[in-house]
Amino acid sequence: MRMPQADALSTPHGLGPHGLGPHGLGNDDDHFHEECGVIGVWNGKDAAALTALGLHALQHRGQEASGIVALSEKGEFHSHRGLGLVGDIFGDAKVMAGLPGTAACGHNRYATTGETALRNVQPLYADFEFGGLAVAHNGNLTNALQLRRAMVRRGCLFQSSTDSEVFVHLIAISLYSNVVDRLIDALKQVQGAYSLVALHNGALIGARDPLGVRPLVLGKLHEGWVLASETCALDIVGAEFVRDIEPGEIVVINDEGIRSLSPMQPAPSRFCIFEYIYFARPDSVVEGTPVYETRKRIGAELARESHVAADVVVPVPDSGVPAAMGYAIEAGVPFELGIIRNHYVGRTFIEPTDQIRHLGVKLKHSANRAMLEGKRVILVDDSIVRGTTSKKIVEMVRNAGAAEVHMRISSPPTTHSCFYGIDTPERAQLLAAQHDLAAMAKLIGVDSLAFISLDGLYRALGRPGRDAASPAYCDACFTGDYAIPLTDWSNAPESKAKAAIPA
Amino acid sequence: MRMPQADALSTPHGLGPHGLGPHGLGNDDDHFHEECGVIGVWNGKDAAALTALGLHALQHRGQEASGIVALSEKGEFHSHRGLGLVGDIFGDAKVMAGLPGTAACGHNRYATTGETALRNVQPLYADFEFGGLAVAHNGNLTNALQLRRAMVRRGCLFQSSTDSEVFVHLIAISLYSNVVDRLIDALKQVQGAYSLVALHNGALIGARDPLGVRPLVLGKLHEGWVLASETCALDIVGAEFVRDIEPGEIVVINDEGIRSLSPMQPAPSRFCIFEYIYFARPDSVVEGTPVYETRKRIGAELARESHVAADVVVPVPDSGVPAAMGYAIEAGVPFELGIIRNHYVGRTFIEPTDQIRHLGVKLKHSANRAMLEGKRVILVDDSIVRGTTSKKIVEMVRNAGAAEVHMRISSPPTTHSCFYGIDTPERAQLLAAQHDLAAMAKLIGVDSLAFISLDGLYRALGRPGRDAASPAYCDACFTGDYAIPLTDWSNAPESKAKAAIPA
Amino acid sequence: MRMPQADALSTPHGLGPHGLGPHGLGNDDDHFHEECGVIGVWNGKDAAALTALGLHALQHRGQEASGIVALSEKGEFHSHRGLGLVGDIFGDAKVMAGLPGTAACGHNRYATTGETALRNVQPLYADFEFGGLAVAHNGNLTNALQLRRAMVRRGCLFQSSTDSEVFVHLIAISLYSNVVDRLIDALKQVQGAYSLVALHNGALIGARDPLGVRPLVLGKLHEGWVLASETCALDIVGAEFVRDIEPGEIVVINDEGIRSLSPMQPAPSRFCIFEYIYFARPDSVVEGTPVYETRKRIGAELARESHVAADVVVPVPDSGVPAAMGYAIEAGVPFELGIIRNHYVGRTFIEPTDQIRHLGVKLKHSANRAMLEGKRVILVDDSIVRGTTSKKIVEMVRNAGAAEVHMRISSPPTTHSCFYGIDTPERAQLLAAQHDLAAMAKLIGVDSLAFISLDGLYRALGRPGRDAASPAYCDACFTGDYAIPLTDWSNAPESKAKAAIPA
Amino acid sequence: MRMPQADALSTPHGLGPHGLGPHGLGNDDDHFHEECGVIGVWNGKDAAALTALGLHALQHRGQEASGIVALSEKGEFHSHRGLGLVGDIFGDAKVMAGLPGTAACGHNRYATTGETALRNVQPLYADFEFGGLAVAHNGNLTNALQLRRAMVRRGCLFQSSTDSEVFVHLIAISLYSNVVDRLIDALKQVQGAYSLVALHNGALIGARDPLGVRPLVLGKLHEGWVLASETCALDIVGAEFVRDIEPGEIVVINDEGIRSLSPMQPAPSRFCIFEYIYFARPDSVVEGTPVYETRKRIGAELARESHVAADVVVPVPDSGVPAAMGYAIEAGVPFELGIIRNHYVGRTFIEPTDQIRHLGVKLKHSANRAMLEGKRVILVDDSIVRGTTSKKIVEMVRNAGAAEVHMRISSPPTTHSCFYGIDTPERAQLLAAQHDLAAMAKLIGVDSLAFISLDGLYRALGRPGRDAASPAYCDACFTGDYAIPLTDWSNAPESKAKAAIPA
């Protein structure tokens, strides 16, 4: 959703207002973060309310900001955008009353430093010669900067600092007369990962990049249709899951029904494997597989690969819970909630006193001392990014009296950054990119540390193992095998920052 | 914390400003709600920051508002109060810088209709002849209205609509010269439940009512001391648990150490049994017992009493989880997260559209369809108050394809209101006060429904059963056995509202 | 309205919230400032709306904050208070809808450092044994601190830092049963200046101190009555002026009509002479005399006393305009608007950059160069307090090319502070208390400077001159002749600050 | 500054956020309103602070919103925009610290219905191939819609609903390589009134349309330069007036000095005559003439044309004051402040109760009864637009007891709308477009009514009268003689609204 660099847009963005400052939900929990969730509704009563519900269900894919564009029955577009949680932005009946109609699309956005301007909140909307068009994008374009520079040279004025705006201008300057043809014209020029939902007066359009890196599903809602990032958004609005949108597919939904186009060169699918590990909600069904069960299977595989004698298996809540359950059952060790998560953290622990900062992770987690004292503890978590949180968790568990602490991770070591729509640190900040297993164990302070193997992960997903010649998933964060060219980052994808220097 | 009635204070409260309107976190999850958490720190570096951390750990005892009064080394009091979560109120370094000193006390408050005025946010503070005094109160006085009327007649001007202000005026008009003597004078005149933390320039004082209905614990912090509602607040600041304050005990903490006074008539303890079931945090140790383990034991007892053949045990998250785990192990049925809780509900789903309102509980919970479809499901929850949420949860589970739904509740039926500091509905709204088991099962829509028995609950707490002649706990909400007189409610405690009509 | 000292109330005021910080309208224009305006309405349709209008007309008497307490037909009190201008606080129809009834009273407050807390905003309101009572006070009590200390000792809890709260507690603890008797009991104990409007369920009450220092007028409104600080508040609501309330008089207005009481010792009136010079609005009629005409007469007298050859008479807008007109006509010199006032100054020039601060007074005034260049200019202003503004105005006029600048002031030199309800600096900051005429002229940078004489001022008011044995007005700010004892300031009224040290 | 119609931009504007709702300062005082003030500073220390001061001095030209774009010494642009008064937007030192550099430009904006979006607040800024450019525009383009449609067809995406954005896109798509050449290319394509200040990294540029309808002056500031709408903005920053920018002139200011270009076809000047009557500040010098003196001369001419026997001449404050002074002297009748203006009206009398609405104009003005009672009064005002305010003023004066009321207006009847940058109602709402003199007098309720004649107005400006063949000023609002084509309004300029239907 972002470009590596914004040299063509110096500080005072064009015609719009300034940003509102960081929201503060930040990257403090040491995870990779999905950057967006998208949804579109066609022919649904109170489409904007359905869209708001869907965005609420997709809130885990982006907590910084949300927007909805609705198409009224008179053919007029109305929109509302805001910073914060979906419930706060769309909880006001007056706001919803301002978004009439039976078609709408929406977008959730994840916070990334310095970008929290309202002008960057999607869906993007523009008035074209052919009428209005709203676009909501999950993913990241890898040649957005190159395209932007070319278009600025031509006289295009960019308003946001998002890569997604490239779509809008490509559509605006396309010589095709038809909206769908213009969109195809645009898609053929971009590189990167994208699951798009677009809305114009005449159709709801869904599109997925040729490798299908990011998810997009189709649901049936009475007489209407829903497109969404995950099935949990279908469930909340009472829509029935129909199928995944195919990699490279464009669907055009209108009152005549659904038309499927495949204008792109066919390519073997490379769905993001991390959706299974952490991004997707446990009650979603992703590419035909329930996520919760998959995570339990990953946990079981992890136990088979690396179990060690222990008294108790303790998940790092909430994301580590299903894998820990699978692990505990496979290993035959009691599963206990040895760490309690505090859900009342509030929005603005952004200026803590030194005293509070020093006490660190304890604001979100507390040790359930009675379950830990004197025990040999296996901690199960889904991933280690920088390792900062893991270190504090381990310290907390030890302070509560654990006799031994063994960490088991339900993903392989994350050694590479993602450029396809996931917020990841620079490689230099990735613990596994800098240290071997023993060093990591020592840094985190555990008695033993193990990650699931790459083949083990593929096995848990029902594959025989990873086929290096043609991997079934995008696993670049574990392997550095980038399936889509990183055009804007010149030659060196080691650093997102380095790439930010214009060519 | 509230009085039944506020006849002596008509709408425009005295000298302070108006309230700010309800915060909206309300009673929407159909639980009884603890009304307050309190904490005090003596001789701790950055006492206000420690107090803020403790309040954060006690956030589950009150999410509406918080306040801290700090005593600087110059002997000056500074305070800050706000509506919202602790992190939002005290997350600003400037706010904390305005609360210097090594002694402080704090208070969390739970939202109750029409009372969300800043003037009601504790700690209360007043300037007396002997200097300033801050008071934080967890509990509820049952003769506050009677006392208030008498004092108004005498010329006392009340500023808040809380029962707690009675303490302040009783202290102000006491003829004793010493602060502690004045406090004892006040305590002897009040009836009800109270765990108090008070701070003046010279001592931190803790007090618990003669029956010890509400909790209060003492911790050691390096050279200093901490008083708090629960041990989880000691853990977060790194204090070591010392002991529970005794029922009827007053502790006076100053630089010479701790002095314990017992000026009240001794009486057998009647600690609130609901603290074990729901109020206390699972990682707290209450009256010597870890709460998490107790809840698992209650679940096991529940399984022994009322198990039914099933494929899966599913907790209603989050509060039903430990009991469900205990139940599943005891019953030998797989424990699965068949319901997922959405933690991003936001603050202001207060004006939902009809569409959203209609979809009701789904905002907080979603069904994990893969774990429910075609299964015989045992749902475990901690209590049923009005039954509204249970009904929606059951409907959701059935919609996800469950073959059978059996509800098991880890508390006895709640048939009576609480007058001792817990926010409960009128009896007329309590499902169990109006219906028998079969009718309740039908209303909620389950195939079977069972509550733990009163004796079973006492057994899970390590007692042989309930001794009706001298019950070990306050269990009035299950039995109507009110151990403290309900003076302000005349003869009829059936309705809190009815009592609100002045005598 | 304030006490010299607030030793009995250390920082965290009692049960109410903290203040909201200075409003920023401050004392930047180098005038004495009236501290309050009051109004009460009895038996008027939409009494709160009338009260809001009256407060708007009295806005010049206090711009910091305003409040209204209304008495509904059911006998319930409702109130609303806010910081800012009347229009901003009461411009919202929802606010006004919350203030039903046919009786109300209101108060405007002037900003003084560190006091801008909502809890200090009047009308004060309290619930007494006999019911609610609202009190709005213009003036200042000179023994408030003494009384406060005595009452704190007795167990009274003070909530605000205003002297006016003394009234409320004196009423609360009075042994009389009747409201009016209690009020009289209270008035007999206080010293100082007060024009009071009080409202209880049964009557609207007005009271003026025995010397009648501050104004209070009575108006007839259809079937009802209005009490207000000035006649301009009667005009705006369409009420007809009836008469001034007499010094020492108490009027009790109810549906039977008006009852006048004179419980105080009679004393010769000493109305504040500065109301004529600056405080009162030019379209008000004060003690029978139209203010605008009086100011023109003062200007004429000033011309007679100290005219000098010049080309143009220029007022310092807006307050100097009428005197300048009177001067110009008497002196036969053209009157020109040589200084333009900018009315768009906004609220928050409170954090100016150095650059803006440096440019100082220019934000409010600009020179009309065409009227000043090469001219001999007589500047007419109403008073000089610190002299800071005068200096900048003169510099601006000289920079615009004036050949000569002569300053004429329509009041005598202000050599003493006011303790009777006017915001004045310490004596040490009063230019005329520190310097003789020649030194002042030099400091301000004028070619000549003259003030009207004290006798001249009395003559302009229709008196033969000042009778030192029994002056007709309170003129303490010119003479140091304090007619009411300054009890709280011990022996030395030279400094308000020094008096702040408790006896 | 606005287009007649925004058909190419339906409700949800493009990539930016929504507007913030009307500010409420509106058109309530029944005047035509200048829509903008502009200023630019080159080579001035703290240029943004100087710009803020200049905007403050120009506040009368637009009170809705303001913006500043500053160019730092590193060549980076920073901007800040806000709704409200200049002091409120730029009074914060932190805001100013974020606008470093020695060059800046700024803009004030007047509120017009439904347009109060931050995205419409100027200066507009965009990043072009050649770098950033900020543009501040006073005036209105009359072919903006035509140009906008053509550019949308070409693929340009518009972000605001202002006509001024046309400049930005014309510059972006120009094929010239040089900024100034691109600007000239743009200016040659637009029709309408414009005084522009533009800033890029290399120069400050000023431009005035070929007829010079709106003002723009040049000042010298130490080593630097200032461009501004009026001389009062030069005065406040201490700059010396150099000259007016010529009609059709472009000035390019950089460190080498000033370069003047005249690329446009020469045409006889048609400066806006209403600037003399009402828009310009009285202390400004416009086209070589001091405004204050001109207004007095207009008043004198008005007296010569239409005097009637009277006791007193009373201005409608504040704008009617100079003309009334001129009238009174010429007529030999005393000038008195018979109407007092209340300057504390506040911002948000936007939701008055019916009671307050009914009392109408009285919030801003009050009658000085002592000056009106029993008198024959001549009221002098600058213009009558809808007549609503005049009617209320007259009623107020009569209620105060005036024996006769004669209204004299220092402009001719305003019979036509302005399309050149002034906010005027539709013709149908202009009193003088619908009624003859007698009918107007009756509607307003005066004993007599007179306007200055068109020739009289020209005479007061030092002309022999109006030369119909080649009028010296733009006087279209009095004559309907529109000197610039109204392209976007098709054939019928009678209604701005009618023109809003796209051709």
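Labels for the chains are A, B, C and D, by order of writing; each one numbers its residues from 1.
We adopt the following convention: contacts are C-beta pairs under 8 Å (C-beta built on N, C-alpha and C of every residue); 3 or more make two chains touch, one makes a residue touch a chain.
Values in this document were obtained by computation on a predicted structure and should not be read as measured data.
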{"item": "Chains contacting each of chain C and chain D, listed by label", "value": "none"}
{"item": "Cα-centroid distance, chain B relative to chain D, in whole angstrom", "value": "62"}
{"item": "Separation of chain B from chain C, taking each centre as the mean of its C-alpha atoms, in whole Å", "value": "50"}
{"item": "Where chain A and chain C are represented by their mean Cα positions, the distance between them in whole Å", "value": "62"}
{"item": "Residues of chain D whose C-beta touches two or more other chains", "value": "none"}
{"item": "Chains that touch, pairwise", "value": "A-B, A-D, B-C, C-D"}
{"item": "Chain C-facing residues of chain D, complex", "value": "45-46, 49-50, 52-53, 56-57, 59-60, 63, 84-88, 91-94, 96, 232, 235-238, 281-283, 285, 290, 292-293, 318, 321-322, 325, 335, 337, 340, 342-353, 355-356, 359, 362-363, 366-371"}
{"item": "Parts of chain D lying in touch with chain A, wherever the complex brings them together", "value": "8-18, 69, 76-81, 118-119, 121, 124-129, 132, 134, 152-160, 165, 168-169, 172-174"}
